[in-house]
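Two complexes, one shared chain (subunit A), two partners (subunit B, subunit C).
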Partner chain A sequence: MSSPKLQLNQVEGEGSDEYIQIGVSDPQKIGDGMSSYMAYKVTTKTNVSYFRKKHWSVMRRFSDFLGLHRKLNEKHLHSGRVIPPAPEKSAIGTTKIKLGSDKNADSGSSDFIERRRAALERYMNRTSAHSTLRADPDFREFIELDAELPRATATSALSSAGVLRLFNRVGETVNKMTFKMDESDQWFEEKTQQIESLDAQLRKLQGSMEGLVNYRRDLALSTAAFAKATAVLSSVEEHSSLSRALHQLSESTERTHTIHHAQADADFYVLSENTKDYIHLIAAVKDVFHERVKTFQTWQHSQITLAKKREAKAKAELAGRMDKVQQAQEEVSEWEGKVERSQEEFERISKAIKKEMEQFDVMRVKDFRDMIIKYLEDLMTSQQQIIKVWETFIPEAKAIS
Partner chain B sequence: MLDEGSVSGGSASSGASSPEPEEPFIPKFKVKFSDNVSKDGESVRFTLQVSQNGLTTNMLEREFEDFEYLDHCVSTSQSSRGLIIPPIPQRSAIDPFSVEVQSKRLMGVESKILIPDEFHKDCQQLQKYLELLLSHPVLGKNEKLHEFLTQKNPPPRTKVKKGLMSKLSDSLDARKSSYRDSEEFFQKERDWVTKYQPGIAYTSEALTKITCAQLRISHQLEEMVTALKISTCPNDLVHNRQYNNINTIFLDCMDKLKVPETEDKGQQEDMALGSTLGLWSRYTHAESAMLLERTCLMVDYQACNRALDKAKPNRKEAVSTLV
Partner chain C sequence: MAGVLFQDGMEDVLHAETNGTKSGRSDTVDLNDSSLQVDISDALSEREKVKFTVHTKTTLPDYNKPEFSVVRQHEEFIWLHDRFEENEDYGGYIIPPPPPRPDFDASREKLQKLGEGEGSMTKEEFSKMKQELEAEYLATFKKTVAMHEVFLTRLAQHIVFRNDHNFKVFLEYEQDLSVRTKNKKEKVEGLFKSFNKSTDEILLGATQKDVDDYFEREKTFLLEYHTAIKDTTIKADRMTQSHKSVADSYIQLSSGLSQLGTIEGPRLEKFINKVADTFEKARKVEGRVASDEDLKLSDTLRYYVRDGSAAKDLLYRRLRCLANYEQANKNLDRARAKNKDVHAAELAQQNACEKFEHISNKAKEELNDFKTRRVQAFKKNLIELAELELKHAKAQAQLLKSCLQTLPEE
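And then the complex of A and B:
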């Protein structure tokens, strides 16, 4: 099974030759039973100046990754940044690993571990490719600190913080559905539509890719079955050169089975998983857009409140209540300030999102291109290998007397 | 694998040894299937071109049921006792319902792929069947076969249905297959067939599964191509143009990839290895049927002999007292 190569990440847009490359490897099960967890080695190679060393490793557990994502989200989402999403929690997969012993690491759980490891690696590299996120102190601590990080207990699904987050998320979803923003900026109107259609396209594409993976795995299995059947036939066959040829056929088919299996893995890790990442990234993009909508809401709300306060002041002036006028005047100035600030906030986040989306689009196309190139290279290699297998078989077949 | 020469040699060499080598048997007719296959609702008509000694050619139309009737006549005729009858190819599904059932069986329950009619495969298999019949030294002289190949209208067919009684007797016969044979040659042959027949049947099935898997992959690639086609974006920005370019290239690639998976490769693999495996799987089955027939006769013969031996002393006494 070929492991996906470590991705090299160029710092975007700055034209310098700084690079940072993060690898996630050596998944280990620490502990036993329900309190056990998976730990991964995070290796960083970089020449970025603000890191202390050029090449080092730390151990991190899965909940650390989730904790990192949550912190980055809290700090940067409202500045209009697209935060790469972390791999999802999976109750079934994790429990299987927790309860399973080291000895019977069956293919199902090792597949799960490999899938998760690859996802974590892609997550780390996407996050580090973002110049602002890379400089974030929490991120730096995550990859640099040579000790165990404080347990991000709030990432557990059953904690009180988790329940609170769930409530918040429900509220946000309702908000997203009910509030229709009065969009004045054409750019955002078009972009939102583009994002929606991109989402739909990627989902369809990913679905067909997953189908391809499954069918290619099927092909690998049926090729293996054929190899076995031919081996049995070869042992029963009495004609000696036919028997020999059948035996060779069995071995050749066995080799093609391995090739098909490897190709199925390439289909999966290179194509399907990457496309799935982008579907999640688009969800993050939608989150950022929604942040902007929220700031707009705040701005509108403060404008409405300002109007009310002005009204109240005018009423107080008419009624000649001097004391109330004073208070109303204070409130009016307070809300005038709030309106100004929220408008600034809104314009700031709009500008930030535009810049962010530019980078996002460039990165998306580059990722897509890299993905296709790697996939086609893998496909070519496996086709060439298959050709070689059958070329070596032909003389055997011709030798049947 | 026994080739045609030794089939006729084998049936002649049991017991009797002919001093002079047998003359190679020349088939009386030559048959070629034309591509003209017409499908009319539920019946499929094949067009055959029959030539005799390279001279006269007859264009005949036959349906699959005619072939089935021919098979029935050949296998039940007296001259065919003790021969390995070439197996008739399996009937492929024609009407929509059975096509769906067969497609689901081969492709998996959730797939929506329907396997289309593959008449060239049927033609090739039926042609092979007729060639095997014609080149058999005994079966090639069969009257019904000649009628089949000369008359313009197909010989009238009677309904061939296996009744309950014949099914019962078949199952009783099958139990006799565990009796050891009196002759070493036949016992060895029977042992070999018992091992070989399931082996080759399994291999044939495994190959069908591979072909189906490849067919599924190509359909999936088609879906992916459709998904890629709708993924193009407007050509306004530089990176969008790049994206469209990459998309188009990838799309072309996948498109070209799926074509060989279905048509050429699938066909050739299927027709070459697949049909050979299928044929010899059925052939060995026919051989085991022939050997089973012999075994049943042998069992009956032995039973009769035992009965005779038991009866002999009684009768001898009775006869001696009479005389």
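And then the complex of A and C:
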């Protein structure tokens, strides 16, 4: 059961012969009990010049991935970059792994591990596909440094930093809801609309995909049950050639069950999980749009303050308080500078986002096409396998005498 | 609610063109002549009832006309079956199992649920799902017609049954047979009777030793077979159901993709619409896989559950006969010992002996027929199933292949 690796990435705009591909594999549990953790092998293949080698591996633990995302976010979000989100934490899944023993790892936890491994792999490849993020020193250290990374303890949900982040996030959410920006740029107006619609529709689509996964898993199980029952029937049947044919039917349907099971995995990993990723990416886009709104707020705020300072200076002049006028003048100059800078900042981030979104849209469209094409190919393969099963069976049925 | 949904198009009139071809599910190995041909030429679904038009073509002298039709309801088929079953003269035969009651409850329930969920889906989605359910309803309807027909054709082809008086009445009598469904008291009586019968059966099975090895083996076989085939039928039904669910879920996928295409705009719209269209086509094929599995596999299994049960009933009757015969022997011995009513006891014993021998001979033939019928039916349906599965898989593979080949480039 392998989840599909993303295609070798073409680097946008730069030398089109360059590629980088990252694999996440060999999940291992290190340690025991609540202090244990999952480690993964991160293998990079690349010909990008600023890396030291062409092919190498390092070991990383899950919190390292989260730490990487946090650092990239802190550094690049305000430059208008869309930062690919890292896989979510799952308290239940993780605790099960920590407390479970290796020997009786049930299928539920091994599914969880595989799901996480695949998600980490997709995360790494999305991040490395972004030319700026790929060149980031923290990213390079993450994939290159052949040693343990310093523990990103602050990523733990229960740490004080984690709690602080939670508060900040709440504050931001309230801000997002209450502040209505006076949008003068039509591009942003339309884009925001489109992002909202996309978000809603993708969620709905992902829901249907999950439905399909469940029904197909059901089909695999019920086909297997049927195969077993048919085997019993075949053993009871007294007419020998009919009994043989029924036995063949049992084997054929057993093979069909395997095909359905594999297809359900494709339904899940190729369609459903990728679409889920996109929903999270849209959230990251919304984050970057919100950064711009924040800089707008700052600019507005500084304009208001400047007006207040000018007023104060005028008042002081009228009152003839020359000592206060001097100070007021200083403050006016200070805030004039701030207004200028915050306006620049706002314009800079607006421009950067537009450029970023261009690239984002190209990548998004390509990824979507690739995902659908891969899925259709998987579906076609399943059907071709089913053809073989029945072609083998027909002569057996005809042989009944 | 379901009534409202039925308003446009389905209403109260549902005709099934069966055009007289037998489904061939159980080709009896009896006479293949055409002196008595029976089929269901038409059927009407009216609210709770189904009205079957039974059409007969015959060269037999007993009948008033060479060709005629009557309208019968399900209860009248059951009446006919019961007349055969209670007839002692037919004790040595396998009585063809009665057709199951027409049951549209599941379909109606689904249509109702769909009606309730109408607000949460697009108009397109809703109409597609409605179409699917209407097709399901139609398929159920066609099936019940086929099952009623098979019951009659088996009777018509059986050398002995075809001459039965009640059968003639059923085919010919133009009025209602006035068979009312059992009232409460009769239902309880019926239950009581069948309970008695099964305990008697079990008791006999346990205590009555059979003089004939062949019948001992057949009894064991039929019991095991019945359990195994019942289980297989249940599993087959479940498998068919989940197949149908997979097919139906393609509907949401297809429509979800279409809506996404509209939002995405020119960059992806053509691409997405081609894919959505492919899913819609694929769904139709998957749906057909499910219904063919149901028809060829599940229905064959289901029929032989019932036919196997009828064969078990035959063995039971024979065993009862054997018990009576042995009892009559004992009575004769006692009468001879007391030298009282010897002649009557001799007569009774002779009667019981004849009955038993007759039923044993007949039963052997019938059980052989049963085996042959079963083997032929499975062969035919397994071949047809496999060929249909192959056809559908090829169709889907081709569909996907051509989609991939013609996907619009970026």
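Simple rule for what comes next: the second predicted complex is superposed on the first by the 395 of 401 C-alpha atoms of A that agree within 3 Å, B and C clash if a C-alpha of one lies under 4 Å from a C-alpha of the other, contacts with A are read in each partner's own complex, and residues count from 1 in each chain.
We take it that a contact is a pair of C-beta atoms (placed from the backbone, for glycine too) under 8 Å apart; a residue touches a chain by one contact, two chains touch by 3 or more.
Values in this document were obtained by computation on a predicted structure and should not be read as measured data.
After superposition on subunit A, the partners subunit B and subunit C are seen to clash.
Look at A:Asn47: by the touch rule set out above, it reaches neither subunit B nor subunit C.
Residue contacts after overlaying the shared chain place A:Leu376 against subunit B and subunit C alike.
Using the contact criterion defined above for the overlaid structures, shared-chain residue A:Ser333 touches neither subunit B nor subunit C, since it reaches no partner.
Legend: residue contacts after superposition of the two complexes on their common chain; A:Thr223 is shown touching both subunit B and subunit C.
Using the contact criterion defined above for the overlaid structures, shared-chain residue A:Leu242 touches subunit B and also reaches subunit C. Subunit A is touched at more residues by one of its partners, and among subunit B and subunit C that partner is C.
Residue contacts after overlaying the shared chain place A:Gln384 against subunit C, while subunit B stays out of touching range. Taking chain A as the common frame, subunit C overlaps subunit B at a single listed stretch, which among 3-11, 345-353, 363-371 or 399-407 is 363-371.
On subunit A, the surface touched by subunit B in one complex and the surface touched by subunit C in the other have residues 194, 198, 201-202, 204-205, 208-209, 211-212, 215-216, 218-219, 222-223, 225-226, 228-230, 232-233, 236-239, 242, 361, 365, 368-369, 372, 376, 379 in common. Those residues of subunit C that touch subunit A in the complex are listed here as 221, 224-225, 228-229, 231-232, 234-236, 238-239, 241-243, 245-246, 249-250, 252-253, 256-257, 259-260, 263-264, 267-268, 271, 275, 278, 282, 371, 374-375, 378-379, 382-383, 386-387, 389-390, 393-394, 396-397, 400-401, 403-404, 407, 410. Residues 194, 197-198, 201-202, 204-205, 208-209, 211-212, 215-216, 218-219, 221-223, 225-226, 228-230, 232-233, 236-239, 241-242, 245-246, 249, 361, 365-366, 368-369, 372-373, 376-377, 379-380, 383-384, 386-387, 390-391, 393-394, 397-398, 400 of subunit A are the ones touching subunit C in the complex. Against subunit A, the residues of subunit B that register as touching in their complex are 1, 192, 195-196, 199-200, 202-203, 205-207, 209-210, 212-214, 216-217, 220-221, 223-224, 226-228, 230-231, 233, 237, 239-240, 242-243, 246, 249-250, 253, 257. Across the interface of their complex, subunit B is touched by residues 194, 198, 201-202, 204-205, 207-209, 211-212, 215-216, 218-219, 222-223, 225-226, 228-230, 232-233, 236-239, 242, 361-362, 364-365, 368-369, 372, 376, 379 of subunit A.
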